[in-house]
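Chain naming follows the written order as A, B, C and D, and within any one chain the residues start at number 1.
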Amino acid sequence: MTSFKPSDELKQKLYVIIFKSDTKGGKLFDVLLLIVIVFSVLLSMLESIVEYDKQYLIPFRIGEWIITFLFTIEYILRIYCVPNKKKYIFSFYGIIDFLSILPAFISILFSSTRYFSIIRSLRLLRIFRILKLSRYVKESNHLAESIKRSAKKILLFSYFIIIMVTILGAIMYVVESKVNPGFGNIPESVYWAVVTLTTVGYGDITPVTFLGQLIATVIMLLGYSIIAVPTGIVSSEMIRSHRMKDVVCLKCGNQEHDRNAFYCHQCGSRLPISKSP
Amino acid sequence: MTSFKPSDELKQKLYVIIFKSDTKGGKLFDVLLLIVIVFSVLLSMLESIVEYDKQYLIPFRIGEWIITFLFTIEYILRIYCVPNKKKYIFSFYGIIDFLSILPAFISILFSSTRYFSIIRSLRLLRIFRILKLSRYVKESNHLAESIKRSAKKILLFSYFIIIMVTILGAIMYVVESKVNPGFGNIPESVYWAVVTLTTVGYGDITPVTFLGQLIATVIMLLGYSIIAVPTGIVSSEMIRSHRMKDVVCLKCGNQEHDRNAFYCHQCGSRLPISKSP
Amino acid sequence: MTSFKPSDELKQKLYVIIFKSDTKGGKLFDVLLLIVIVFSVLLSMLESIVEYDKQYLIPFRIGEWIITFLFTIEYILRIYCVPNKKKYIFSFYGIIDFLSILPAFISILFSSTRYFSIIRSLRLLRIFRILKLSRYVKESNHLAESIKRSAKKILLFSYFIIIMVTILGAIMYVVESKVNPGFGNIPESVYWAVVTLTTVGYGDITPVTFLGQLIATVIMLLGYSIIAVPTGIVSSEMIRSHRMKDVVCLKCGNQEHDRNAFYCHQCGSRLPISKSP
Amino acid sequence: MTSFKPSDELKQKLYVIIFKSDTKGGKLFDVLLLIVIVFSVLLSMLESIVEYDKQYLIPFRIGEWIITFLFTIEYILRIYCVPNKKKYIFSFYGIIDFLSILPAFISILFSSTRYFSIIRSLRLLRIFRILKLSRYVKESNHLAESIKRSAKKILLFSYFIIIMVTILGAIMYVVESKVNPGFGNIPESVYWAVVTLTTVGYGDITPVTFLGQLIATVIMLLGYSIIAVPTGIVSSEMIRSHRMKDVVCLKCGNQEHDRNAFYCHQCGSRLPISKSP
């Protein structure tokens, strides 16, 4: 889907190596890039540990600059060899690539390196682009498809959760706020409700009144059954995508058929040849 | 299902806009109402934060009165245009609508606005009435149906849980109460048992004796397998409602058939045409 | 399965009322008994709260004696009317019934009522015997059957868990014990491993060393996937018991067949008429 | 698969008893070995409790030496009777067997017995070798197969989790680190993200800023839906392995067929006789 002037051989070679992963060179590049990214993330992790940062200031800075140097070259090459420059520069990955080198240069003026970390870690997302083209493709497709299918239900369900935690939070606020600083205001109470309903249960905020503990008990038992719902949704979708083949019936347009059905169970007409899931 | 005197055009118009969502006007009204409700909930959240309440007292009060004003008008219009006034006023939503404006007027005499929050947040439930008529209808039906189907089993299961936590709580009370203030009485011990069995684990109450920790360990491993049961129930119901079509066999009355079955597997008689799930 | 001398009408009447639940009288008795049991449990809960016990000493004692009186009569009647006395007295419920009245009489000599609670709460288990004969019978059978089916796998799985927590606990003990009193000995470390792996996470014991936190992270991510296994087991069994009918093939003895199969998929021979699950 | 010189009867007898479990002697040996292993683990647990270790120093030491003696004999016998000595010595279990006796002898010079515990506990893994040959074989195979099948997806999923917790940790570090010592550096923040996402929720590190709590809320709700994915994966695989029979179609090589299919749903050719799952 990309057109080249027959002349620039190099550009095309680079493009295939940097942007594609189906050639030997492309795979190698991806692996090397991945290593550098992981290394850069580890580095910003270590830098964030104050004592280490003091102790190994010099090597850390050198590491920073090497990584920045490599990322910069990569970025320039990407822009150089990509056919549709605008499209890349303003693409999700394009922006991340740019942001991940920018701070280093800014930090010459303002020496805070703290905020590298986030942008760097975002580069880890590239892993998925690489996985896309790897032996995981079938699994990831199957996963993605099931999740996509259940997304709508999960979304609907989370509306319900959000409303519920708001109401529960408000109730607990009324019950506990007088005696319990932890429930000092509704947002905090809602935060508590989420912590409880998701069974995370930090324990930084806990009910102290009898009524509060009673309500909390109900919320927990509720959450215990509620946790079943998203699981049920995903499970059923996954099993479905195992059992169903995605062939559209040419007559009635029904899209779900048993894996070993030859005829549409809706209208009984012969199904086109199936691509097994 | 509602009868009008041909005269009052306006009433009917209003009714369709306020109570129905299938017209353009109705949809718009619902969205606007939703925005006001969400805004009112956010407001009562902010009010509950003491420092903000002090700082922005005036704007908050004004906001309050605007919302109360809007809700009051809405309430009056609802009563005005609904055919069966009694039915609406004493309906679940009717009562909530009333209660959500009442406190504001009371607060002229008694200035505590604290308890607005709950009633306001209950109005969020209207979202579901609106969703009911939206593109989520299929998903929500499917969810609701599955949950309804599994409700009985879940209820039965929660009996079991409640009995278990009572017994476990009593046991832990006997084991720990002497040395551990956290297990000072049985209700608290039961509360602990719920916190543990649901894997919430606040850590506000934890066993300190060796025996107590041993029992706790057993309870946790128990809870770990028990958490599987409600999930299993919901999952199986969801998958079932995928696999089954809800056609009643005209001969033997069996209500469950494979999605692609043409004949009842109970009595072998032809099934009526299916509405696909 | 119980034989009577034609003479003693009364005995038989009593037996049907007290031990069976299919007659009107039997149902009534069960409900009344249940109420008394629940009441007795609530009473021992309240007694366990020191301040209440001080305040309402007299009414509590009176309540105690009323309950003990009722339970004693019930116990005597049970022994009187049951055909096989030995069998009942040494049955699980028989022993509980006896133990739930014993302490009251002992407490005349030694006034500690603390340990009533457990035995009393055990009486709650009677609920299941009553449910057995109620409208929940189908659901409870289905649940019980599925759980029974998956019990063996769950058991096998919990062996695995127990071994794992032992090993993980031992490792964490070696890593943390020097600097962290929480991991003072292996049993405590194992307790921590269980708390972590089951995602309860009290936080009463937490790793402090970097290595400790790293291992903890791995354990958690492990637990996150492991929690899937028991759920998977139960879910699959439940779905199976939906999909399968429990008819034994008369030819090959295969016990699992699709709900709508007329012929054994093992040997192809006609199946006997199915009792739908 | 093991060849013996006809001469050494004893060796062969020993080999069958020690390494195999299908004879009466073999079963007995396994059970005895298991008891000794469990006992040894319990002993190192008790030793790790300081007060006990002081009190019962002598009996503990004696116990140690008895166990070491038994394990040493076992090890020698294993080497003596196994046909392929190298293979055993450098096998996983061979190394564990060796390491589990080594420390005792070293401890003559250096008296720390602390690190016995781990290696000892690793011997518990032998249980599985024994289970392999027991009545659990069918269940364990079914479990193992399902887990193996879903391993790839779970792995893919955990990549995703690891990347996510890194990003989330980095974000929270930026948000909280200034005011919250708990988020002092990125690794700790990542540790917190794992604790939260897996719903363990120790509460040793909790967000204090409003923004922090908001992000935490999102993470929890995320985790709540995400926990569904591995469960869905395992469930679907388990159900599949119930529904599918593992017969390879001789024509098209398709490996998945409905349990009661006689013909391949891919190419329609007759399937070879099935071994029921």
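We adopt the following convention: a residue touches a chain if its C-beta (ideal position, glycine included) is under 8 Å from a C-beta of that chain, and two chains touch if they have at least 3 such contacts.
For reference, the UniProt names are A, B, C, D = Ion transporter.
Small disclaimer: the values here were computed from a predicted structure and weren't measured.
Of the two chain pairs examined here, B-C and A-C, it is B-C that is joined by more C-beta pairs in contact.
Between chain C and chain D the CA-based rotation angle works out to 90°, given as a multiple of 5.
A repeat of the A-D interface exists among A-B, B-D or A-C. It is A-B, with more than half of its contact pairs matching by residue number. Note: centroid distance chain B to chain C, computed from Cα atoms, is 29 Å. Per-chain Cα centroids separate chain A from chain C by 41 Å. Among the residues of chain C, those in touch with two or more other chains are 187, 190, 199-203, 227, 231, 233, 235, 239, 243, 261. On chain B, the positions that touch chain A within their shared complex are 41, 44-45, 48-50, 114-115, 117-118, 120-122, 124-125, 127-128, 131, 136, 139-140, 142-143, 146-147, 154, 158, 161-162, 187-188, 190-191, 194-195, 197-204, 227, 230-231, 233-235, 237-239, 242-243, 259-262, 276. Across the interface of their complex, chain A is touched by residues 199-203, 231, 235, 239 of chain C. Across the interface of their complex, chain B is touched by residues 152-153, 156-157, 159-160, 163, 166-167, 170-171, 173-174, 177, 184-187, 190, 196, 199-203, 206, 210, 213, 216-217, 220-221, 223-225, 227-229, 231-233, 235-236, 239-240, 243, 254, 256-258, 261, 265-266 of chain A.
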